[in-house]
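As structure tokens, here come the structures.
What follows is chain A paired twice: with chain B in the first complex and chain C in the second.
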Partner chain A sequence: MPKAARILLALVVLAAAVLLPRVAGPFWLGLVTQMYVFGLLALSVDLLLGHAGLFSLCHASFFAVSAYTTAILQVRHAVPTALAAPAGILAGTILGLVFGLAVRTRGVYFILITIAFGYVVWGVAHRWSSFTGGDNGVTNVPFPALGTLRVESPTEYYYLVLAVLVLCTIGYRVLVASPFGLTLRGIKASETRMRSLGYHSDLHLYVAFVVSAALASLAGVLYVYYNRFVNPVAASFPISVEVALMAIVGGTGTIVGPFIGSGIILGLRNWVSSFFELYASVMGLVFIVVVLWAPDGVVGLVVRLWVRAVKAGTR
Partner chain B sequence: MALSAIEVGDLTKDFGGLRAVDRVSLRVAAGERRVLIGPNGAGKTTLFHCITGTLRTSAGRVSLFGRDVTHLPEHRRTALGMGRTFQTSNVFMDLSLLENLVLAIIGTDRRKWVMHRSVGTFEAVRAKAREGLELVALAHRANDAAKFLSYGERRQLELALALNSDPRVLFLDEPCAGLSPSERHSISRMIGELPRDITVLMIEHDMDVALRLADRVTVLHRGRAILEGTPTEVQTNPEVREVYFGHV
Partner chain C sequence: MRLTRNGSRTPLRTLAMLLTALGLGTATVAHAQSEPIRIGLLPPLTGPLASPGREMVDGFKLFWDQVGNTAGGRKIEIVIADTTCNPDQALTQARRIVHQEKVHFMVGPLCGHEGPAVAQVSKETGVPLVMDAAGADTITKWDRTPTVVRTAVSASQIGHPFGEYLYKELGLRNVTFIGQDYTWGHEVTLGAVRTYTELGGKVAKIIWNPLGTRDYGATIAAIPQDTDGVSAVVVGVDRLRMFEAWFNFGMDKKLKIHGGYWMQQDVLPQMDDRAIGLIGNSLHYAAGLDTPENRAFTDAFARKHKRLPSWFAESAYTAGLWTKTAIDAINGKVEDRAAFLKAMRQAQIKAPRGLLRMDEYDNPIQNVYISKVQKIKHPVLGEVLTNVPIKTYEAVSQFWKWTPEEFLKRGPYKR
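Up next is the complex of A and B:
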């Protein structure tokens, strides 16, 4: 697509997002806010999956550790948002510094080790109830406030999330187009070649892992202020799987893909679970269909159809 | 004696029970063109892998311009001046040719860590990448992904990657293998025209190419360096005629 058309499309989407609260009721507004938050989490997963070729299944950990940290500070210690939110991101990022050691392995071992990491965090959230509140989690999280500037309604919070999302997307775009972003794609394409060209590939992957964990932590903070509580579900394995699915269904290695995937999966979940209990099985089917017929996700499919249409048009 | 570019002492590599390289010692002078020959499975590629650090050695030493690099990882050896091509093309298939070259150019400097500026804004790097592509006559395909190249073009890109990492010592693993006579000619001419401040070690099956480019030739057979000499000495050696020419 030509650059002008892309910018125009981005502006149209942004305008629609800004106008949404005028037409959508509280249910839809909540759902879309959630799509943004999980889209951001899926985007963080996709930095590793779509660019560096690493399939992480522990991103719920960073998300949850950050959500818990912010919630506990804000609720139990009355720490203001201006400190509680950065502290959450910091906590998740520090966990990323530790879990990032997984980049010493590749392929199936990497996947297994991240699954194990994820279970450790979930176990702690679940069992260390004196600190985490056990299954009940931490409740009564207030809306965020910055001094006298406070969010007072879901609509205002929606705009806050939208603003953060736009900033993150721009930053992410710069990152993946940078020399560092290129090195990740180089490692994905041929790690042996990268090493022989002078790259310490493990170190590049480690840095990418930590950046990705930081972004996941940011999503965790947005989540806890949206949800107003956090419990061990946030740290659970299904969340890690689901956000990876979002990236794959939407299209890995793209920026809009994870958000489209988040929209599709959360939308389907809401719709299907209203009349059918086996929602997880439906998700499984969706995944199979995508892998078989649209392996590059929705974005890949659209691009393919577009190219075909353009070719047909020029003939 | 002048400083050797590469010095290998008693280098040995075992794969399980198989000894692929057996106590090989060699010394390559700075600026020299050294060609390695030997029948299939002689251990030539494995020897390259061990010198450049792609594989760990089982025993022995490697030094680069007098510096012991035996225990350095591959990327550190590259930073110190080693560059290589692979026997089977190892290029970045999903990336454009320009991106391939950019990765080669920034591999040994700090720009590879820049995160806040797009690659497109590094004018000097892009210009150098274009030059690098022009040298191997691929500039017209700069924006195509490497996977769309023909086999021969991929070999040229492979060579361009090695050259653009600014090596002081270049390891070429059968750069002409599988090419048409004209492609073969253009690649061997390109290698012949490399400046003498680059030391070249090359594995080559084609005797004509090997003998024309080489200052000295080392013959490998069953993991051992059985002979070293000038092209004429090697060509007329009866043992070599038996193990090598007898094979072809």
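Up next is the complex of A and C:
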């Protein structure tokens, strides 16, 4: 697709997103906000999965740690958003610095160690109930406020999330197009070759892991202000799996892919489940279909069809 | 622009106009109250607690079918949304039924940790929530929401009498407590520990098991030798594993085990005659309760579903009865949320499980039954295992014998 067309498409999508609150009711608006937040989380997973070739299953940890930090500061200690939100992101990122040590392993060992990390965080959230509130979690999180500027309705919050999202996407685009991003993809393609070229692959992967954790933490902060409460489910293994699936269904290694995946999965879950009890089977079918016929996700499928159409056109 | 829109969307527009005529039209022209009352029910229909969720739907529907689906002169419509026992999903579904389905009030949820999530939706939208089986203590104690009332039970409410029972009736002095390691399990177990130790009982050990513990051998091995009795709070599939392990290790010959919250009606069909004679539960409901209200309820339920109801079904049934009583009291004007909530708070209910009324903290004051598992001859089902009350603690408050202030100052039960 030519560059001009891409930019035009992006603008159209953005315009649609900006105009959405005018047509969508509160439920759909809430659901789309949720899709954005989880899309961002899926995007953070995809930095590792799609670009560096690392399959992380502990991203719910960063997400939850930052959500918990922000919620606890804001609710129990009445810390303003201007401090609570950055503190949340910081906490998640620090955890990323620790868990990042997992990049010393590769392949299935990396997956296993991240699962273990994820369970540790879930266990703490679940069992240390005097601090985290156990199953009841932390409730009554207010809308974010910055001095006199305060979010007062879900619509305003929607725009806030959208703005953060656009900034993140631009930043992400710059990051993956940079030499750093190229190096990551190089490592994914052939780590030994990158090493022999003199790249310090462990360090690159470590940095990518931490950046990805920071992005997941940002999603966690957005999540806690959307949900207005957080409980151990946010840190649970199924969340980590689900966001990885979002990236895969949408298309790994792309920017829109994780968001499309998040839209499909959350949309299916919330919409199908309202009239069909076996909605989980529908989700299963979707995954099977994706794996069989669109291994590069929805984006990959669209690109493939586009290329075919262009070829047919020129013929 | 306008032309293309008209051109391309004619069928949609017609549909929209029709819908407007049907929906909005009648709302403005005719009397608003002739519209049905829409109740949102929030059970987990999939996930780990799907079968209690099914009980909840069955109990709720049974009640409304019995009264012809009307209350306060209006038709009742029930909107069911699956929460999957996941707080995120519960939150989204609650928002959906409030905003999309325009329910007048919500009933549910069932899973304890979904309670705060749905209460949040009630708080932000003002739509009343009649809290069903979700038992988190905090909902009616430290973290109350003006639009939330509870019609089922608060976790430690059933634990307190059990502690007293262990000490006074069973004469135990050195009890081992087995508890399920999550909020509900903590609150039920530690509620019993509190009343038991206040009387002077000694705790031999408290053993916590995470939900879904596969092997109860380790738990049984951890029971101290010198203990004189075991109390069990076990939930979900763990109930069966605990049951099997207890007998497989021959513990039944050495010690007595007493269920504080263990052999609810829904698991009894999977247990066998070894369960007979064991104390199954200390609970606000026992299917074997011999009152006219309960006989009528259990018979109707058994005829329809070919099984006895568990407390999940009874709770939902009673939530139906309670809301109908309130709706009748305000002549169906559920749009007036304050009046509806007030009527809910003032109602006196003769439920299958006994007399009920709300305390000042929006939690029912109710009987707690210590029950024994027995085989009874049921008029519809024949021979079945069920819980038969052996001791009734009447009109138990969620604060037990303490004043609310004392209790609230002490803070929640935490392990």
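In this section, the second predicted complex is superposed on the first by the 308 of 315 C-alpha atoms of A that agree within 3 Å, B and C clash if a C-alpha of one lies under 4 Å from a C-alpha of the other, contacts with A are read in each partner's own complex, and residues count from 1 in each chain.
As a working rule, a contact is a pair of C-beta atoms (placed from the backbone, for glycine too) under 8 Å apart; a residue touches a chain by one contact, two chains touch by 3 or more.
Everything numeric here is computed off the predicted structure, so don't read it as measured data.
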Fit or clash between chain C and chain B when superposed on chain A: fit
Centroid geometry (CA): angle chain B/chain A/chain C, rounded to a multiple of 10 degrees: 140
Partner chain(s) touched by A:T148 [first = chain B, second = chain C, both, neither]: neither
Partner chain in contact with A:S273 - chain B first, chain C second, else both or neither: second
Partner chain in contact with A:D135 - chain B first, chain C second, else both or neither: second
Chain B versus chain C as contact partner of A:R127, first or second or both or neither: second
Which superposed partner A:H200 touches (first chain B, second chain C, both, neither): first
Contacts of A:S178 with chain B and chain C, given as first, second, both or neither: first
First (chain B), second (chain C), both or neither touched by A:Q34: second
First, second, both or neither for A:N231, with chain B first and chain C second: second
Smallest distance from any CA atom of chain C to any CA atom of chain B, in Å, after fitting: 35
Interface residues, chain A side, partner chain C - complex: 25-27, 30-31, 34, 126-127, 129-130, 134-137, 139-140, 227-229, 231-234, 269-270, 273-274, 277-280
Complex contacts: residues of chain C adjacent to chain A: 45-46, 81-82, 84, 86-89, 91-93, 95-96, 98-100, 112-113, 115-117, 119-120, 124, 136, 138, 143, 181-184, 186, 414-415
Residues of chain B touching chain A in the complex: 52, 54, 73-75, 78-79, 83-84, 86, 90-95, 99, 102-104, 106-108, 111-120, 122, 161, 165
Sites on chain A touched by chain B in the complex: 174-175, 177-183, 185-186, 188-190, 192-201, 204
